[in-house]
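Across the two complexes that follow, chain A remains constant while its partner is chain B and subsequently chain C.
On to the complex of A and B.
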């Protein structure tokens, strides 16, 4: 048997890495201090109110779940459609998914106000609630992704002296297709239910519409793989090694471009339905209120439509653009920004328009503009630092671009 | 007004409609794409390089 000495991967402390780890440390420090203040003082230190109880954190939560959708989309491509050449990016897609879903849970723990009761949905079932279904789906899916990713962790050099764990990891790898299909089913549920949460808020004149679940899941399927593609390119630039075949990444970009076209089609029909076919005095008043208090129109047309759809579609689908990796990464970041702005518009703008009657209140709440407090930005920066840390450590220490078979051959 | 979401029939219908039907549609599409030769097993060569070893 040929033996190969594995080169130990260590960090070389160049000025660049020191700056990078300093930045991550600073972001994490700001995030942890902000989180501790929120835990000690409660949500009163935020700018969240009875009129706008969901803000920046829920926007991050919804966005990171959508952007982590590359895991289930690419799993479907490999395990349902049997297109085996995408197998080389599955591990990275699952890593992006794990980072996205854990970020979502981190912000949710901050947002629920009583983090000590995070386990209640698992014990005290409320089958009437879409949020209960989402809680179950997100936690189950995160568990599935962690099990899917476990073989990658035990293949790292930290487990060189644990052959039992390695064998267990390889066994686990064999059930990956079943896990992927289970994860796909759960994703089909919660990626649409996240939109349904807004769809069932009947009292909100703009956001009560059956198209919300469809738009949420289609946008996630379109943009999630593009984010995975962008991460693959960035890791390649940072490490200086070819990670995934460029033609494969271009195919993913084309898929995302077509997905964004489908999303745009549904979105424009939806816009017409709300503002023209199904316009009511309530929805017209809501739009006037939104434009008085927020830059809603600018955010929609420039943020969601131009940067979120038009620009990435052109970059992903036109051959002269999608041959250039830098443009593909720019397109993916632009599409991700579009998702972020869309989730912000749905969450915050939807709530700024007050309900005419709210249980427990005898009067109509006033419309209220919302700007995140510094402490909310602090937590958001901490989450960004956490994502940077996950990708830095994973790309350095974990075999995310090697298949299990290749690793077996090496050992 | 009765709450329809507590109805076991509705819950089952939602599970089938939102979960199993899309999976079934994907499997049928996949079957025909393979049958018509749009997806082949030997499609590794499409990429510019096969994954180069990292070591």
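On to the complex of A and C.
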């Protein structure tokens, strides 16, 4: 009974909450104004060009989907591998997934030239296109996550006097194992296809390699759960209630650390194969251009390798560090930043090296430059505001830290 | 301590064996039926894939429109770019045809021009999530501007930089009209990708009138007609008597980045030491 009275507590205006909601309001305002300008004027207001047609927004899409990967990883752990002690974090993981995937879709709608035709991939199929497959997978997987999350919503106090709906929600919960299997397959497919989006482009030598989808999925599996772990700690600090056992969160951190080691291993051989042993004329020229004219070499070693892999691996795996929640959260944020920097590097570095096609001669465009326009940052801030809003509302109004069985007993 | 040896015994009577055999046979039959067999929802796709792998893909019967560009003849006047921009009402800063100065490996200067190459294995066509761009029966790669969602993946995938995106609603005056021609097609709306069409509107209209593209001027791409040194020839690659086939028969030609397997429809006579006789 106590938990019900706790959930019914009144909303209070403290300086902290006023500041927090003010911040969310400001971010959303900036985002909405930027979005309206983009819809009105067209993508010409961005700094994207015909040589660099993808930029910050695609980076956000790729990163938020990768960082939402905790949902399918932890669902698989509980429902497929049957490790029940992770059950208490499933709902949070799915919430992180929903937040990540919906922000990706929001950004994607901004990024396409004809947002009014967003539904075309569902109707006009090109089964050869990885982007078509990704669109379908994301749609299906978002649906799966919403079905998985539906019991949480019907258990909230808004539905206290709708027992029929609540029963339906619990019925839905029974299909969770099947959803987890479908979700696992679909997620494995589209998380790697996001890498394949680049990996199959034979026109661009530094993208065209079979390791691309593998690196994308391994990094997503490694870092996604760590992000869920960090969100659990942060919500605990904010609400002052211990919600998920620290030992469990520490296990997730260790899992992420091992995952990052696998990622580092694949990345090491990829780097060696492409730049040292491979060094085909195309990739040699592309890397020389990048190293001479751009900071992408620095971004790789410092952003992806040091902050994205080394630092979090040490924090997650060394016992002297991984007992400190603050360090674990820092490690997860560092790893998440590594994902963001990696997705940015992959996208932009591949595009700013111009394609070379002139017959056996020196014709080569100068390397292009791309820095996001203010309006692109504006949309990005709006997405961050949206994510803050989702977590604030969900942690305040939804029973995300209880398992279905507990709430059934209570009600 | 020594572990006692365990012996596994398998009891299989005839009935079990029949069951297992029947299940195995049944599953393989079912697998065949739903993957490549008559029950498969992907049967057409499989056929399509097979025909894509076929090297002689492209128009088997009927014309395959193609072009030859003689880099020895080209003088870099950019007339092709201007006529193209006028006829197709292309934005001046995003030309479909480009002309650039270039040098061969031993330093000889030449001019390099490039329309869309109309690949038969077009990377842009493969990646489009909505089939807004496709290879026609006659080999021409065109856009469906009503279907394109503007994701720009085709632009990223094209090895030849041949695609341009409409970043804004166009209100500009076309500086090449009317000096270099008058627009024969509508401007493309904001938010879609556009590209060279081999002046497909001329080809389709001319065929109905019974004219031969590549020979009749009204049926030939504007860039070919306007070239003052006849560096470009156009016609049916499947017809040995067409102007383009005659050029291909007489001179050694290359295709751009042929190693990518894109199977373009545009052939180049490379710039050499001696001008083409």
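Note that in this section the second predicted complex is superposed on the first by the 390 of 411 C-alpha atoms of A that agree within 3 Å, B and C clash if a C-alpha of one lies under 4 Å from a C-alpha of the other, contacts with A are read in each partner's own complex, and residues count from 1 in each chain.
Criterion: a residue touches a chain if its C-beta (ideal position, glycine included) is under 8 Å from a C-beta of that chain, and two chains touch if they have at least 3 such contacts.
What you see is a predicted model, and the numbers here were worked out from it, not measured in a lab.
Novice: Examine A:287 and indicate which partner it touches, taking first as chain B and second as chain C; both and neither are also allowed.
Specialist: A:287: touches no partner chain.
Novice: Tell me which partner A:141 touches in the superposition: chain B (first), chain C (second), both or neither.
Specialist: neither
Novice: Who contacts more of chain A, chain B or chain C?
Specialist: Between chain B and chain C, the winner on chain A residue contacts is C.
Novice: Quick check for you: in the superposed arrangement, does A:401 touch first (chain B), second (chain C), both or neither?
Specialist: first
Novice: Once the structures are superposed on A, label A:128 by its partner contacts, choosing first (chain B), second (chain C), both or neither.
Specialist: Both chain B and chain C are touched by A:128.
Novice: Would you sort A:82 into first (chain B), second (chain C), both or neither based on which partner it touches?
Specialist: A:82 contacts chain B only, not chain C.
Novice: Is A:386 touching the first partner chain B, the second partner chain C, both, or neither of them?
Specialist: A:386 sits against neither chain B nor chain C.
Novice: Answer with first, second, both or neither: which of chain B and chain C does A:101 touch in the superposed model?
Specialist: A:101 contacts neither chain B nor chain C.
Novice: What is the contact status of A:263 with respect to chain B (first) and chain C (second): first, second, both, or neither?
Specialist: Neither partner.
Novice: After overlaying the two complexes on chain A, where does the chain B footprint on chain A coincide with the chain C footprint?
Specialist: Dual-contact residues (chain A): 127-128.
Novice: Touching chain B in the complex: which residues of chain A?
Specialist: 4, 6-7, 76, 80-85, 88, 127-128, 181, 184-185, 188-189, 192, 241-248, 399, 401-403, 406, 410
Novice: If we count contacts the way the header does, which residues on chain B are in touch with chain A in the complex?
Specialist: It is residues 3, 5-6, 11, 15, 18-20, 22-23, 26-27, 29-30, 33-34, 39, 41, 43-44, 46-55 of chain B that touch chain A.
Novice: Touching residues of chain A toward chain C in the complex: what are they?
Specialist: Result: residues 41-44, 48, 50-51, 53-54, 111-114, 117-118, 120-121, 124-132, 135, 197, 200-204, 351, 354-355, 357-363 of chain A touch chain C.
Novice: Give the list of chain C residues in touch with chain A in this complex.
Specialist: Residue positions touching the partner: 42, 45, 71, 94, 100, 102-105, 112, 114, 123, 126-132, 147-153, 155-161, 163-169, 190-193, 254, 256-257, 260, 268, 270-271.
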